[in-house]
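This report refers to the structure that appears directly beneath it.
To keep things simple, chains are lettered A, B and C as they appear, and every chain counts its residues starting from 1.
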Amino acid sequence: MTDRSLIPASTYGNALLRALKSFGLLRESIVGMIGAGLILFWIIVAIFAPLIAPYPPNATIAPFVMPWSTGPDGEFFLLGTDMIGRDILSRIIWGSRTVLLYAPLATLAAYVVGIAMGLAAGYLRGRADDILSRIGDIILSFPVLVLYILIIATIGSSGINIVIAITFASAPGIMRIVRGLVLDLRNRDYVAAAQTRGESSWHIMLVEILPNARGPLIVDACLRLGYVIITIGVLGFLGLGLPPPDPDWGGMINETRSMALAFPHMTVFPCIAISSLILGFNLLADGLREISLRD
Amino acid sequence: MLIFVGKRIGFMILTMVVVSILLFLLLEITPGNVATKVLGPYSSEEQRNLWLEAHGYFEPFYVRYFAWLGNFASGDFGDSVRFKVPVADILWPRLGNTAILGIATFAVMIPLSLILGVLAGMREGSKLDRSISIVSIVTTSVPEFASAVLITAVLVFWLHLLPGTSTMSDGFDILQLILPALVLIIYDFGYVTRMTRASMAEVMTTQYVRTAILKGLPYRRVVMRHALRNALIAPFTVIMLQINWLLSGVIVVEFFFAYKGFGALLLEASLNQDIYLIEACAMVAVFVAVATQTIADVGYTYLNPRIRFS
Amino acid sequence: MDAETPLLEIEDLCLSYYTRAGEIPAVIDFSLSLKAGESVGLVGESGCGKSTVAMGIMRYMGNNGDIVGGSIRFKGRDMASLSTKELRQLRGSEIAMVYQEPMAALNPSLKIETQLIEVPMCHEGISASEARKRAIEILEDVRLPDAEMMLKKYPHQLSGGQQQRVVIAMALLSSPALLLLDEPTTALDVTVEAGIVELIADLSKKYGTALLYISHNLGLILEVCDRVCVMYSGEVIEEGSIKEVFDKPRHPYTHGLFDCIPLPSADKNARPLVPIRGQLPLPHERPKGCNFGPRCDHFEAGLCDAKNIPLEPIDAGASGHQGRCVRWRDVRWGEEKPEATVPAAAASDERGEEVLHVENMQKYYPVHDRSIGAFISRKGVRYVKANETLTFSARRQETVAIVGESGCGKSTFAKVLMGLETATDGKIRFNGHEIGNQSVHDRTPSQLGSLQMVFQNPNDTLNPSISVGGHIARVIRKFGVESDPDKVQERVYKLLDLVKLPRDFATRRPRQLSGGQKQRVGIARAFAGNPAMVVADEPVSALDVSVQAAVTELLMDIQREHGTTLLFISHDLSVVRYLADRIIVMYLGQIMESGTTDEIFSPPYHPYTEALLSAIPIADPHVTKRHIVLEGALPSVLDPPKGCPFNTRCPKKLGDICEREMPPVQKPTEGHGIACHIPLEELRKAEAVIKAAS
């Protein structure tokens, strides 16, 4: 065995192993398993969308077809079609791609910014902490949706702008959590040990502190993912989401809700789709928390 | 304590000032854009310059900001481009409508979620606890727009129990209030319930609750006197912060039910680039949010003797 | 109930916890009988089940615990037959409890008054005003001054000692017949502990209350109890009167326990510590037969590990002395004194040049007071004087101990020395370099490597996400000892050998290690850079006694081998006596007394040292000591007393001069210094605090 296998491998190589193991632990939480199952289902749907979807998402085939029935040319529509004749099932399937692309992307971006801010505020303290915390307080004092509307109304609505808006609005919240964890962890003796051997602040923040904050952060990330999905849905619903015609669950609900009186299927199915995915993340977060509390 | 309150209020004012500067920067930094937004895209260069001249837009930036701030403080928010009336004339009635909606929501949601949370947290792991937890996690997972659709489908279209829109155009109607409030309650109560439950469950495992039990106190007294007070400190903050969340929620709900409230107004203003209306709405929204946060902070310290007497 | 019926009779009690891993028996076949007014000590190391017994008696096992077998009879009534209501009436009025952490045991959001008066109001139905009267009486009984004021306060406004007195008052309010005390002084400072222990002994006599005193400290048991029950891994392994168990322990574990407790009455040469090897078995990994088997020197395969071993009477059993050992007749107790493994102590002249020299070192922390009052009086910044004019030195291969209670500034000094903080004033010379105002970032790798630290809390000392080998290897490379991977690897193994850990521990995670093993890794890490000096901040205080001895011995061995200077920070004078050449006694940031170990332990004493020595619980019935109990609580470091910091609690206070002037340092001998106004001749007249009775 060499030094390399002794240190970095045991730190990072085993990390993968341990991550797998903790997913194994998930088996002990039924709630967490259901959540993971729902998420996995949508991930598979998103990946294989071109194979699963019976029709192209934007093809106008036959309007106002009810679920479980056939159109004028004998096409079968499991969930029916909307008022301009697009297959609802196909649009839901393709729409999962949009959600599962932008939600994790936005969450990840928010985490990168939030963690950087939180580490700086919590570990370096002093002026940096004061300034970052004040900025965070101000951003957080906006009602979230007001902030999104203001940002999107100003910079326009597009996928990337949604990611930017979510990052901007969520990073301070993540910063608060990270800062709190860092304030606790920085007083540990192993951090003092690292300091007494003259480690750089980078090393201490990234090696000694951050990895040990991962537990609560993973749970928070799951919850936040659920919330980001809601946000993307709400923006779509308010007409501030991705520009049409590409399918987006929130947008689908907005487009069809005036038809809801006569054709509830147009709105109800996308509602179920988005709710099930959010439920998946919330259940997973709950399961993970339950497991982490038990150890 | 007084100093603490003073500090919090000072911070609140500071936040408002910073927000106002940000808003002003965001919306009025380039006068040309303002003129285009106010006079419409088909106005001529000359018209815009005349308008800018008349409204003092050729002054330096900071002069304009202070003039704007002064007007703002005295209640003059400018005229709405879309409604062609002073902003204040539409803002206050709309805010009143939203306040009614908010109060109705809170009046049901807070007692409901506190009771459920305490019941669940009191005996962690019991059947009641599990069912309450599952229900609250499911309801929080359904976004407001989705639950609005689903509830409307059931109550309005199937059962014909309630009106599907809540414009309140023919005066106040309690029936029209039910659906919007219901949607908000369903989305929000789960969160408060879970927070209360977590806090209660934690308190029930503390050593001082054990002490109270081993002192031989009746269970009722252990819960009511020893656990509850400590357990409600954390949810209090959560509840106050819900007002901030509610402001987001009302936008969706008012939009969906065509309720003539503040949230719908803000959305409409943003979509139409009605800048004076946006400014006023955003400032009001932030004010409400910051004010409730201040109350939450002050209340938290008041509830917690460890902070109050240190 | 006649006089012969025991107050409490426990028979074959079995208590279990249920976890994911299944049922974990915490207490197995526990039997005990307790007469009215008697006090019995329950002693054992962490995880032996002693606290669970107390909870079992209260029939309070939490969500995941249960009483699996056996019976508890209180005043002749079977506790299992009681209804919930009857049980509730019993709790708090007939059986009361005092807890380990008084701060956690008191409700933070209720006033002391509410928490006290509800007890008699609930149990006896008396009025609030009558209950209040009783509360005041009882608060005076527990020697809390100004009871009226005390009632109006919230728990966090009291000191730890005061809180524990309130908890004791709460327990005694309904004059219970039985008082359960679960480590009531463990969370307190040693001089405060002495006061509480004395109070408990006095009150139990006054009220005729029977005591079940749970502690890990045999010395405390000796001071309070008539009988003692020793537990190991869920079982009682020996039981008897104090005299029998302390004089003639007849179980190898009890015997071993006495051998590994440092006694302030003896030093390392007279009575070396003999650690018990191995570690406590986890509850689900208990061996077959005798639980102590794998750690026992008298283990005999086929006999000790054959079947469960019953508790049997020792020496005809008339006195009730019992032990759980099949070989107690065969073992030759007390004759197998291990040979002193300690080579004749490194004589002081062998010590080399001065490694560390501290002169008038000061460390102040500014505290910003932003209240309006402070703003007006322009006293916005106050200072916590954590260290005030520290002066001492340490030589090569010497062990210098800094002793003091919490808040005395000993840890702050360590921080300054390590460069985590910089000194406000004064000089610290280390290896000829001034380091007092050099923070870690200004120190060279070799400077850093030559001054390393061992930390207090084993659960905190290692980064949970880095393997054991990773910890040590990082230090080796950081200080440039080795850089070639194979050589680093080799050195990691050498260091693991040095701290007597198996080499395959290199790949383990910290959480797979026991507390003692983690501390060993911490020691290996500190010595990885070949340091000239190691600072050990309470390295063993969080460990169990049987493990403590092993780690202490290890630290001393390595230090001797490497010729390292050791700065040992501790609150425990008895441990210090074993390993220190010189001792520095600190109080509120200042040095009260310094000198060689012998000088500190014999007159003349500083009055504080005297009190500190008197407060140490000694697990040896043949030692007598003078009782000096300090009044009052430790003053706050924010607002230390003027003049001599000890003047508020000093039993020998002269008068005004102590409140006005800093005491001069008097030198009875060249290396011995006492900071006190009392003339030396007067101090010399003091008798030795600890005396071995012949």
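Throughout what follows, a residue touches a chain if its C-beta (ideal position, glycine included) is under 8 Å from a C-beta of that chain, and two chains touch if they have at least 3 such contacts.
The structure presented is a predicted model; accordingly, all values stated were derived computationally and were not measured.
Enquirer: Looking at mean CA positions, which chain is nearest the middle of everything shown?
Expert: So the chain nearest the centre of the shown protein is C.
Enquirer: Would you say B-C or A-B is joined by more C-beta pairs in contact?
Expert: A-B
Enquirer: Report the inter-centroid distance (CA atoms only) between subunit A and subunit C in whole Å.
Expert: 48
Enquirer: Once you find the CA centre of subunit A and the CA centre of subunit B, what distance in Å lies between them?
Expert: That pair's centroid distance is 23 Å.
Enquirer: Quick one: report the Å distance separating subunit B from subunit C, using the average Cα coordinate of each chain.
Expert: That pair's centroid distance is 52 Å.
Enquirer: Please set out, as single numbers or ranges, the residues of subunit B touching at least two other chains.
Expert: Within subunit B, no residue contacts more than one other chain.
Enquirer: Would you tell me which residues of subunit A are touching subunit C in their complex?
Expert: 1-4, 6-7, 10-11, 14-15, 28, 188-190, 192-199, 207-208, 211-212, 294
Enquirer: Which of the residues in subunit A end up touching subunit B in this complex?
Expert: Listed in rising order, the residues are 31, 137-138, 141-146, 149-150, 153-154, 226, 230, 233-234, 237-239, 250, 253-254, 257, 260-261, 264, 267-268, 271-272, 274-275, 278-279, 282-283, 286.
Enquirer: Please give the residue numbers of subunit B that touch subunit C in the complex, ascending.
Expert: Residues of subunit B touching subunit C: 3, 124-125, 206-208, 210-218, 221, 225-226, 229-230, 233, 303-306, 309-310.
Enquirer: In the complex of these two chains, what residues of subunit B are touching subunit A?
Expert: 11, 15, 18-19, 22, 26, 133-134, 137-138, 140-146, 149-150, 152-153, 157, 164, 244-245, 247-249, 251-252, 255-256, 266-267, 270-271, 273, 278, 281-282, 285-286, 288-290, 293
Enquirer: In the complex formed with subunit A, which residues of subunit C make contact?
Expert: Contact set of subunit C toward subunit A: 20, 418-420, 440-441, 443, 445, 448-449, 451-453, 455-457, 460-467, 469-470, 473-475, 478-479, 485-486, 488-489, 492, 506-507, 522, 525, 529.
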